[in-house]
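Once you scroll down, you'll see the structures, which are given as structure tokens.
Look at the two complexes coming up: chain A is in both, with chain B in one and chain C in the other.
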Partner chain A sequence: MANPLLQVKNLKTYFRTEAGVAKAVDGVDFEVMPGEVLGIVGESGSGKSVTSLSIMQLIPNPPGEIVDGNIIFEGTDLLAAYRQKDYDVIRKIRGNKISMIFQEPMTSLNPVFTIGDQVAESLVHHKGLNPKEARDHAVEMLELVGIPSARERINEYPHQFSGGMRQRVMIAMALSCDPSLLIADEPTTALDVTIQAQILELMLEVKAKTSNAAILLITHDMAVIAETCHRVVVMYCGRIQEIADVKTIFHSPQHPYTQGLLASLPKPGQKVRRLSTIEGIVPSLFNLPKGCSFCTRCNQKLDKCETVPPEMVETSPGHFVRCHLAKPMKSA
Partner chain B sequence: MTERKAEKTNLLEVNDLKMYFPVYGGVFRSHVADVKAVDGVSFKLREGETLGLVGESGCGKSTTGKCLINLNKPTDGHILFHTQKDAAAGYKITDIKPKPVDIAKLNNDQMRPYRSEIQMIFQDPYASLNPRMTVCDIIMEPLSIHMPELSKSQMLEKVVWLMEKVGLSAEQATRYPHEFSGGQRQRIGIARALATNPRLVIADEPVSALDVSIQAQVINLMQDLQEEFGLTYIFIAHDLAVVEHISDRIAVMYLGNVVELADAATLFKTPLHPYTRALMSAIPHPDPNVKKDKRIVLQGDVPSPMKKPSGCGFRTRCPIAQNDCSDSQPPMIEVAPDHFVACPYYAIQDKN
Partner chain C sequence: MYSYFIRRFLLMIPTFIGITFLCFTVTRFVPGGPVEQAVLRYQQAMAMSGEGGGGTSGSDMEQGQISEEMMESLKAIYGFDKPFYEAYAIWLWRVLHFDLGTSDTYSRPVWDLIKEKFPISIIFGLSGFTLSYMICIPLGVWKAVKHGSGFDTGSSIMVFIAYSIPGWTAGVLLLMLLGGHAYLDIVPSGGKDSGFINETSKLAMFLQEGAQVSDIPETIRKEFPKLGDNQTINASHPAFKHVPAEKRFKLKTGNHSDLSFIGRTLDTMWHMILPVFCYVLGMFASSTVLMKNSLMENLGQDYVRTAFAKGLSERVVIFKHALRNSLIPIATGLGHMLSIILAGSYLIEKVFNINGFGLLGYDSLIARDYPVTLGILVIGSMLKLFGNIVSDFLYCLIDPRIRFS
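Entry: the complex of A and B
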């Protein structure tokens, strides 16, 4: 098996607030293999965005802090340097080897710089191109993401672009330095369905052109996951609850949370009388249950769930579940 | 919901509704253009049904919703509401069925008596509740306006009853909105909307701001309440899977016009308008094994409602656009009973 491109080990990111310590990410382990599309799915507050921001070391400190863990990217531990306050390591990688597409195309572009300046910036910074070369390359990138008459539009400002077009610019920026890992944090959530279809298609198309590039796709939309990802990580309350390949997640989910989540989706073309629901609400991060964080809403709860936090078990090769009900696979 | 019978009476008839927002520019702030947010929308709403209004951002679905409760004063058109309140009898509910009232022509004072019959649930449960009022005050406010004859204790009783109906407990009544989660806040919004015993509830993206697992709870609640109180819903949303689930009939909007109107099952099984088809094919399906038909990816963006293309608004992105599509706004054709399409060329696409 190939070496993983990115390994996240026991990542813990806490936020210290007046109300107490919010354990937004509390011991997350996963790997991204070269060339794969890995989806992280979860509800608001599940820690999926904080995970991605931690990888990029974009957590505002204070109040946030990466308190523990290792993030190993192509053999280098990014967090070792972070702990020694050596920020040059990540600065060379961020926007270059690992780049990110943010959720809000409206707010993540700088309104006072032209599109061309913003796409060219990382090229000048990371690739050492001179401004003219960088501009030419920026035009190529914008053409690649399907912006018509890119050479003229490069001098325009973000407000002159529509939402879908801005998201294309974001993608062009993120891809300009040929990253080996692209983190897309809710890239289509702010967009309409037909534009969402365009953008997802574009991301996969561009990925197909650059071999071995991996995508970490963060979303709350199970349907987007089903259409784009190879493997899926399900998060709830700062912890990973289930990891499996996409077909397994959708057809034989083992964690009660994943099961509930899938059952509560209205499915196109299959009309049911009532949707099934997960009862109750997500517990506050300041006041998580002692045992399994899902035990307050679980419909298959055991007595020990309230007190004993379940461990991750591998139920079949590549299928990990954090639940007391899960049976570990028999070792051969 | 099960099939509806055609003999259901109409509750609302919308005819050629137009809502233009003027744009002023130049040195003298003269009227230079109009944003044609809603540009000739017509539909009939039957009593007890749920009509879904779908479309992409900027298509005018929310503006239509706001016109229906007179929050926007329509530029033109008629909204006939079959009220139970007789203006001649002092807006009391009498045995005689009063004439329908044209909401589009009413001013604020004239509208107020009818507001108790039409209520709205808003999209953002964080912004639509006053943070300085307790839940009890929020739900009681419409009661004190529309049912001043009730005593304070009767009102309190009703507030508690409503809170229990929407799945909140009575002891939460003295709390403030910030103490609730998004889903609970939306329940408060629903309780407030139901306080005046409305017949029509306009829900503008009521679940868009909620997480998936909470979304299902609120949708189920809305369906339960509809059954219990015989409510009629207009359900505005951009999430097609949700709309399909809750709606009896669906109207698809594009650039201020309804382009297709049919019952939910038909619309999803045999969409006819080229825009509806593209929209349907763009919905991601929550099952990796489902074989999808080839996705129709539309080119370009929605044109600005300030500079609408002549004729059919969709022709600039339409895969089957013909030369004469720019001539005039295509009328709604009833291609099958209760299935309306605003495209004369819908049959062409099957040949390609």
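Entry: the complex of A and C
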């Protein structure tokens, strides 16, 4: 097996607020292989966005802080430099080796600079291109993401672009420096459903045409996961509950939370009066249960779930579940 | 977009007529106008010459002595003989021909008076304005970047103090502390240069108007080669404006017009310190807070996160991406500042006895010198109207999202 591109080990990102410490991400471990599309799925507040922002070290500090863990990218521990307040390391990687697409295309572009300036900016910054070369490359990238008459539109401002077009610009910007990892934080949530599919397809297409970057796709939409991802990480309350490849997740989910998520999806061809839901609400991050964080809503709860936090177990090769019900696979 | 600005310019006309018509009408009907003041002066003169110490009953008797014809001629002199709408039409017609009338108190064309005073106010106003932006913008930026730090809190206290003290009030206080009245004597007590201030200087009190130049002590006269022996002293004489050398900075020992170019510049600057400080104080708080809040707001925007995600350094993100956006409200305020410079100058020029546009307006209001008052209104409202258009134009220039149609 190839070496992983990115290893996240025991990542803990806490927010210190007046109400107390919110453990938004509390001990997350996963790996991203070169070229793969890894989905992180979970409800709002499950820590998926914080995880991605932690990798980029874009957590607003204060109140947020990465308190523990290692993020090893291409053999370098990014958090070692972070702890020594040396931000040059991440600065050279951001936008260059790892780039990011955000949820809000409407506000993620600077309103007072032209599209061309904004796409060319990282090329000048990281690749040392002169403004002319950077501009030419920016036009190429914009053509690649399907912006018609890119050479003219490069001089336009973000407000002259629609939401879908802006997200294309964001993709062009993110992929312009040939990154090896692209983090997409709910890239389609703010878009129309018809545009969503286009944007996802485009991401995969452009990825294939360029440096075959690995994609870390953050979403709450199981359908998006099913369409695009190779492997899936299911998060709940700042912890990973289940990791498996996409087929396994959809066909034999083991964690009651994953099962609940899948059961809540409407199925084509089946008429039901009401979609099933996961009962209850996500517990407050300030007041998580002692044991399994899902125990307050779990329909298969055991007595020990409330007091003993479950460990991650590997039930079959590559399939990890954090649940007392999961049976570890027999070691060969 | 051009059509928008053409429309804006055309809209200035009815606005201008509205402003001036309203104010002109008020001057026609408000009591205590120039005619009444002239009558009062006449009565006082009669009372003085008649009985010497004539009481109130005496002036009542005098009132009957103003004949109908006298009243009519007085009204004609001050332009009160016609109905207000007709008078306004005549006035407006003259204004369109750049004739603002003649001042009642100075007996000079209002246009000349304004032309003479305007540059003085502009120098003070612009330097105060420039200086305040030069202080407020970096301070606001630094406060936003260091939000919540000791520096931020400390400077916020300063901002609150500055916000709660109007510029001219601080002027009075500072003049008392530093102007040689009660405590320290390190700045002049008013005026735009030494030529003016020293008329009220300590030496001036010993000299009397009408005295011979030969009465001035030899040591002082040596410094004024331009003074002839047979001249009599009047308020415009350099000697009248002299102050003992050992009491002041070297700069202050001479009359302004006797100094070299550098000396004159330094002298003017030295006179400008306190008034300009007061101008800055007046604008300081709001501009600093506006700058800080605007930058803070922009630093929290998604596109700032995008800029960080590109790997740009904090400096580039703040100064290139966030600052450009947060300067929008500051820059658009520039147009409005044009008129604020003048509005604020009324009281500051009064406190520091700066013979500028503001003081002219203030004095004309007190003296009911309506041609001057209305002349200043014309200039002031034109500036304000132009300022608004300049603001809109700057808005277009900076923010690509704004395209007026």
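Everything below uses one rule, namely that the second predicted complex is superposed on the first by the 330 of 332 C-alpha atoms of A that agree within 3 Å, B and C clash if a C-alpha of one lies under 4 Å from a C-alpha of the other, contacts with A are read in each partner's own complex, and residues count from 1 in each chain.
Simple rule for what comes next: a residue touches a chain if its C-beta (ideal position, glycine included) is under 8 Å from a C-beta of that chain, and two chains touch if they have at least 3 such contacts.
Since this is a predicted model, take the numbers as computed values, not measurements.
Taken together in the superposed arrangement on chain A, chain B and chain C fit without clashing. In the superposed model, A:269 lies in contact with chain B only, and not with chain C. Of the two partner chains, chain C is the only one touched by A:125; chain B is not. Of the two partner chains, neither chain B nor chain C is touched by A:207.
Looking at the superposition, the partner that touches the larger set of chain A residues, chain B or chain C, turns out to be B.
Contacts of A:277 after superposition on the shared chain: chain B is touched, whereas chain C is not. Across the overlaid complexes, the C-alpha centre of chain A sees chain B and chain C at an angle of 80°, to the nearest 10. Once the two complexes are overlaid on the shared chain, A:157 sits against chain C while remaining clear of chain B. Once the two complexes are laid over each other on the shared chain, residue contacts for A:198 go to chain B alone; chain C is not touched. In the superposed model, A:44 lies in contact with chain B only, and not with chain C.
In the superposition on chain A, A:322 contacts neither chain B nor chain C. With chain A fitted onto itself, chain B and chain C come no nearer than 5 Å, counting C-alpha atoms only. Contact residues of chain C toward chain A in the complex are 301-303, 305-314, 321, 324-325, 328, 398-401. Contact residues on chain B toward chain A in their complex (touch as defined above): 56-57, 181, 183-184, 211-217, 219-220, 223, 238, 240-242, 244-245, 264-265, 268-269, 278-279, 281-289, 295, 297-298, 301-302.
On the chain A side of its complex with chain C, the touching residues are 56, 58, 87, 90-96, 99-100, 102, 104, 107-114, 121-122, 125-126, 157, 159, 170, 173. Contact residues on chain A toward chain B in their complex (touch as defined above): 43-44, 162-165, 192-198, 200-201, 220-224, 226-227, 246-247, 250-251, 260-262, 264-269, 271-272, 274-279, 281-282.
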